[in-house]
Amino acid sequence: MAYTPDRSQYPQKKADGSLDIDLTSGKYLKLWQGPQHPGITGNMSIELTVCGDEVAEGRTHVGYLHRGFEKLMERRTFIQNFPIVCRICVPEPDFNEYCYAAAVEELAGIEVPERADWIRALILEMGRINSYLMYLGGQAGALGQAVIGQWSTYVRDLMLDRFEELTGARIYHMFIMPGGVRDNLPTGFRTRMEHTLGEIENALRDIHNVMFRNAVFEKRTRGIGVIEKEWLDSYGVTGPCIRAAGVPRDVRKDQPYLVYDQLDFDPVIGKDSDIYTRADVRRRDLLLSVDLIRQILSRMPQDDGPTMATTPNVLHWKIEPGETYVRGECSRGEYGYYLVTDGSGYPRRVNVRGPSYTHAMALFERMVVNCNIADVAALLVSLHTYPPEIER
Amino acid sequence: MIELYEQLKQRYALGEISVQRFDLVFITVPRENLASLLLYLRDTEGFTHLVLLTAVDWIEDNKFQLTYLINNRESATDLGLRVIIDRDEASMESIHDLWPTAATYQRELKEMFGIDFPGSPRIDEDFILEGWTEIPPYRRDFDTLEYSRDTYLERPGRSTSDPAQHMKQLFYPEDKD
Amino acid sequence: MGFEWIKIPYSLLTLFIVVNYGLLLNALIAKIAARVGRRHGIPIWQNYVDMIKNYGLRTSITHGVMFYMGPVFRLSGGVGLLLFVPTIYGSVMFSNLSFAGDLILALYFVFFGTLGMALGAGESGHPYAAIGVSRGLAQVTAAELPFALAVFAVALQYETLSVTEIVAAQQGSYLNWTLFTNPFAVAAAMLSFLGSMMRPPFDVVLAPQEIPIGPPTEYHSSYLALMQTNRAIFPIAKMVVYMNLFFGGAVSWPIFFVKIFLIYMVSVLVGVVFPRFHVEHSVRWFLIWAVPLGVIAVAIV
Amino acid sequence: MSIRNILSPFTAWKYLFRDPVTIPDPLNDRPGSPRYRGFHKNDMKKCIGCGTCEAICQNGAIDMVAVEGIDASKEDSGLRPNIDYGRCCWCALCVDVCMTGSLTMSNEYKWVESNPDAFRFTPGVDKKHWDNAALGYHRPDGYQLTGRVREQMPELEPAKRIESFDEIVQGYDVEQAKLEADRCVACGLCIATCPAHMAVPDYIAAVRDGDYERGLKILYDTNPFSQICGRVCTHRCETVCAARHEGDPIAIRWLKRHITEQVPRDRYRAIIGDPAPPTGKSVAIIGAGPAGMTAAYDLARKGHAVTVYEALPHAGGMTRYGIPEYRLPYETIQHEMDLILSMGVTIHYDTRIGSDITMQQLEQDFDAVILAIGLQMGRSTRIPGSEHAGVKKAVDLLRRITEGEHIDAPKSMVVIGGGNVAMDIARSMARLQKQQHGSIDVTLTALEDLNHFLADPDEIKESLEEGVNILDSRGPQQCQVDAEGNLTGLKTWKVLSIFDQQGRFAPSFDETDEQIHPAEMVVEAIGQMSDVNLLGEELTERLEWNRGRIQIDTNGRTSESWLWAAGDCVTGPDVVSAVAAGHQVAKSIDAVINPVEALTHA
Amino acid sequence: MDKKTHKDPAKTSAELPSVDLNPPEVQPQKPPAPPAERTIELPEELRKRTVKGPGGVEIEVEPLRDYYCEAPPTVMPAAYSKIVEDLFNWARAESIWILGFGTGCGAIEMRPLMTPRYDAYRYGIQWRPTPRQANLFVISGYLSVKTLKRAIRSYEQMQNPKYVVGLGSCTINGGMYWDSYNTIKRLDEYLPVDLYITGCMPRPEALLAGFMDLKRMIRAGEAEGANKYAEYFDWYKANQKRVIKDWDMPDYSW
């Protein structure tokens, strides 16, 4: 059958372990994907050194979206930081809002109303659905199947409508504030949400038929882009990427936050750790989120009550010295905020730990070696990275 | 977690411990113990996941605090190791041989705080910034607003009044103070 | 047989009709594909506007002579292909410059454009264009092989190299079509057809997500407009060949329009719903699936 | 590669025959949701220009700008937020924090311009098509970014406080004060309203920070009567407080008091600092009330030699002799006065100008003289029977109580008047009644209805709690005297209106609604006037007068170049106004007698 | 291999006769930052080098000169006939090809535009993956200095006439990153902007409204950003070089 040479010897290494790549030999070609490149996930770039169709070395270049959030947050008060954190990750901004709010609440000792916890969980799951839908479109698109992106973006847009009526904005919701959430569910929200969830399930059924039960798609993704077991820890792999490798690691289950200990679910896991499995894990995780939203809507307090705890006057809010780390399971993996306070009205230091940070940098650079250049885009998408959370 | 601390204390010189949550503890560690402690925690105690590595600038004390946050996936607990290093000529041993992914964190720290990690791969390469000439931007003594004002011009024509000052102008302008 | 000069204006008329049909058909196909994506898609006249726009751009940059010649070659490939095969069977006006050995010429023209493009794109100096070209050449070669076999089979079957005569042989009943008289050849040719239409799963040459549209990356302004014109002509011309060889040709414009549309739809049917192959995959695929069919076709004949 | 996996994708083609899901006209079909955070609206009627929106905006998107057609008033700075949409991020923090709820958002979101400078506008002033949009983000009910509810002030229970003249208000503890200070948004609207223009936001910030010494320094920069004002100020600042629009105003007065209580008294002098070196100039001040003592403080601190002449045995003026001890303990006043005197002020008690020393003498001996004699004579209603011995003046009674005289409390009495003095005397007498008879029978009648009383609402509330019977809209007609010549009560009629159509004082009564309030004593508390006999005839002749008051210019200077006048005698009764007037004349005098110094300061 | 010493960017801008070169509505507020002496190392592929050709021929290559044209852009006149120009303008308006370069967060609202809900294709708006074929550059939000560099090069590779739309508040006056050390504040200092759409994030409907407005401008012949860029080329370059401290690329790359 097909000729499958052992590629582990390539590219050749020098005695000191560095890659033996001589650009002047004419054997290698430097190839930049991005930042202006449709195959790149957002505004970043990868510098590939290819030999024929095979990648000998890949380097991720980020910083195109760097705004210096961690610096900016040091000169904004605790409340002023709440609108800016969501900008750190565009497709799934809510985790920033939640992690930041939770870190602040923990250090300031604020007890959030239970209702707010439910609404927060609802928003996070809605955001997760959006993020996954975008991923599915991107994954199929990276392989040339445009129609999936059309369908998934359509249903994502329906979900954005739900976001809009709940939070007052489509993309940057700015709804989860330190202290709670801004408001209760609007009237009739549950019905409309149920309708949207139905649409999403329909779309997913189609996507399953057209994308996952697809000979060409399988051909392109099965066995490609495998994350080896020993890389999982050394490269800080989290989220669907680690679950696709068969490790049932899900912060929602391991260290339950918000109301996840009151919901019934099991982490979705896969087996093969290749692109296909990761896509499949995400698809099933999406369905899990649909189910979780139903659970949340049926179990949360049905009446309207306060959704915000009383905070000090936000204009002069000071927090005692302390440090903490708050994490959540976002669609891409572990999302966390490390917050240090020093008793002043401003954070001393905020560090955002986005899953893309490890995935797109060290892990991707490791995985791209020996990869066919036609697979690079698909591989990058399958790690589901969002550049803004790498560089902040 | 406290048991672990007590147990570690037998073997390593440890600084203060602060318990933030039942599953999150921060321990101050002398810098020379860090690498062996990390190795021990990773291989023996199951703290296999390097969550993050970052720095805090305590400019008042002329110190940097490096925070190594590691996570035990089995017991779902987090351990933050604080290492205090001098702010001048800041430098720290690299741990990229323990976690390859640490190289990225170290590159960022080098660029954003100016903390050197000799031997870490590509440590001197530009990471996020490009052609940066000022002091590393995450240091507390770098004033981003001032830099931004000097470098990127604002759209002119804005002015604001303080209500109290404005009312003073209107109602009792003669008052000196 | 003396050359009839009247054929030249007649051919130009054919060209005119085909260009317009091609532009509209491309838009219609885009609309159909958009429909599957649950949207409306471009207006039907969009391609005209795009072309005027591109011709109307004020600047254009050349990277050398071949860069300029690339689209020209490509266009002449398309025009040549169209002009040397009869468009409408039995019509003096629209049989173009068809002659006895035009089948061979047609095969040549199918490849000619790709080669020209390869040279032009190579000159553009863009690495993605180079990658696209190398992929394109590999894939076209692989795809041409079953087509050549099928054509060979058909030529053997009808014992002629004149397209007109092949069409003539298929007249009468649709059962006389090669589709029914030599299904293996048609199958081989149609698989090859999929590969040459630059639609998934065989569009790795353009692959916007990997190598921003490949060979034409650097093309713009009037160069691009020239290529757009060709994009209206070339597929139609190619499908005219297919129609003539395998589907009984067309005896009138309406039949022509319908048949071309249907043949086009074959590639669209597949293209809309599949992702794309690697170039290794597709080469292997042609060799495994299409070439044997072609061989069988030849063998049967 | 199963056959299913080849055929399954073709199911996608089913959508060819379904209608697209495209929105037909996205430009018009898609209004923002009811909660949408679109472009800003501002209700000009509600906005007070406090600038809190500017303070909270993390993008520096909001400027406070003066707007034509909107005039500033005491509770409205006249500024309006101008928003730069080149900065805004539509987080709506400005809407959430808005003190009056004037700032809201519409659900409109489309704005396209070629000119980048066009994206600045003042909502509500620059007309926009979304100004009347019904939908859009408003701050949801039930949440607040700044505190709305005032900290409860610990007070003696009515039953307990009526027993004695002990101070009723206990003062905030540190925790409470911090919480109360935390509510302040530091807009500074109050500063203009405060007659002394105290730096209110600054000292409230000091309370928040727990830095009381800094706070005290700020207080004594502008008000040497801080301890007194912290208790009895009319706190007009609180009537313009931005927080009052959607909650309670900040307890500015109590916070001021809190600062003075937190700093040990022996630290005051050191915090305030020493006066400037002597200048060799001298100033005489007549009257040791708030105006006089403030001027004395200011001038002494500038290094002038100040001598104060006081007719009574203690300094403090009306704050001491007019305000009952349960509101303002005497030892507090004494500390305040000692502090002022410690600046090098000489004071002569029991020295009456005109009899002990004449104005002419002062004119000769001093570089400048300040007349700060206050209003020490009560006005009379002049109704029939008001000349009866049982009809008293409130100020006289209060002075006697302060001086420790024994007063025989009547079993029942009526107070005429609805101001603070009326409340003071009613409550003081109620305490005496309680002490002497064990029961209270005080009736208070006033022309105004309860909502328009001149007295503080707190005073009214506390009076009622203490058992004072308040009858509003009653016009006094006659003091009833029985055959023996004893006072038996007061006859009143129901008031229909107080002012005529021109706004002049001309009460009209409903004579059919007549009541007799039985009383052994009637106290008139309808206002005071000044006793200007001390000036002497010659000076009275020389001075210019305005409606019975000495005419002064804006600096408090009279028509005589050496004489300034300040305080209640020229501006009317109010401690903090008197303080402000004291500052005013001090500044004016300083500029006149020490011009070089003043210039370098200016 | 010799390092090419660049003229200091700040100095270059100081030499410019800035007053009469300024586009009327954009006046620089203050003189550029004082020059800091330093040399910028060119990336390896841009340095002068000797290449061995087949047959041992040695070729001197100076990429900046050989591979790029350093000639600045020129103002391109409209078509000689008004009718033709009107026709072209109409076609340009009805066929807007957007460069698929998501420079900032705004890119996320571009995808709904391409997909069923909004379907911008029906308005003649399409996305192109390469700047050569694109006419419209949507600067989707803030631009970090690093991206600005790429944006300038992408813009310069587009063909005249070309349009720039600033999306979101950040392009107008810095937006919420007004105090960031790494993002520019005013897009119009670096590229000629035809239109701004305010919002954070502007919704797809707002984008569409912007595109409609842009169409109107193009039809009216008002969208002449490319010519403006050529006319005030030195001014734009000076501004660009002031913020891009490591200018290691050709001055103009078309």
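In order of appearance the chains are A, B, C, D and E, and numbering begins at 1 in each one.
One rule holds for everything that comes next: contacts are C-beta pairs under 8 Å (C-beta built on N, C-alpha and C of every residue); 3 or more make two chains touch, one makes a residue touch a chain.
Keep in mind it's a predicted model, so treat the numbers as computed, not measured.
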> Among all the other chains, which ones are in touch with both chain A and chain B?
Replying inline: D, E
> Central chain, going by Cα centroids?
Replying inline: A
> Most remote chain relative to chain E, going by C-alpha centroids?
Replying inline: D
>> Count the C-beta contact pairs for D-E and for C-D, then tell me which is higher.
In response: D-E
> Measuring centre to centre with C-alpha atoms, which chain is farthest from chain A?
Replying inline: D
> Between chain A and chain D, what is the gap in Å from one C-alpha centre to the other?
Replying inline: 56
> In whole angstrom, how far does the Cα centroid of chain C sit from the Cα centroid of chain E?
Replying inline: 37
>> Can you compute the centre-to-centre distance for chain B and chain C, using the mean CA position of each chain? Integer Å is fine.
In response: 61
> Approximately how many whole Å separate the CA-defined centres of chain A and chain E?
Replying inline: 31
> So which bits of chain D are touching at least two other chains?
Replying inline: 9, 12, 20-22, 58, 84, 86, 89-90, 116-117
> What residues in chain E touch two or more of the other chains?
Replying inline: 115-117, 119, 122, 129, 146, 172-174, 176, 178-183, 186, 200, 203
> Among the residues of chain C, which ones contact at least 2 other chains?
Replying inline: 34, 36-40, 208, 212, 272-274
> Which two-chain combinations touch?
Replying inline: A-B, A-C, A-D, A-E, B-D, B-E, C-D, C-E, D-E
> Which residues of chain C touch chain D in the complex?
Replying inline: 32, 34-40, 269, 272-274
> Along chain A, where are the residues that touch chain B in the complex?
Replying inline: 62-63, 66, 68, 70-72, 74-75, 106, 233-236, 238, 247, 249, 254-255, 322-325, 327, 334, 336, 338, 340, 348-349, 351, 353, 357-358, 361-363, 366, 391
> For chain E, which residues are in contact with chain B within the complex?
Replying inline: 27-30, 33, 36, 38, 40, 145-146, 149, 172-174, 178-186, 189, 242-246, 248
>> Show me the residue ranges of chain C that touch chain E in the complex, using the header's touch definition.
In response: 34, 37-43, 46, 49-50, 52-53, 56-61, 125, 208, 212-213, 216-221, 224
>> Show me the residue ranges of chain A that touch chain C in the complex, using the header's touch definition.
In response: 2, 29-31, 33, 37-39, 53, 140-147, 150-151, 154, 210, 214, 216-217, 219-220, 372-377
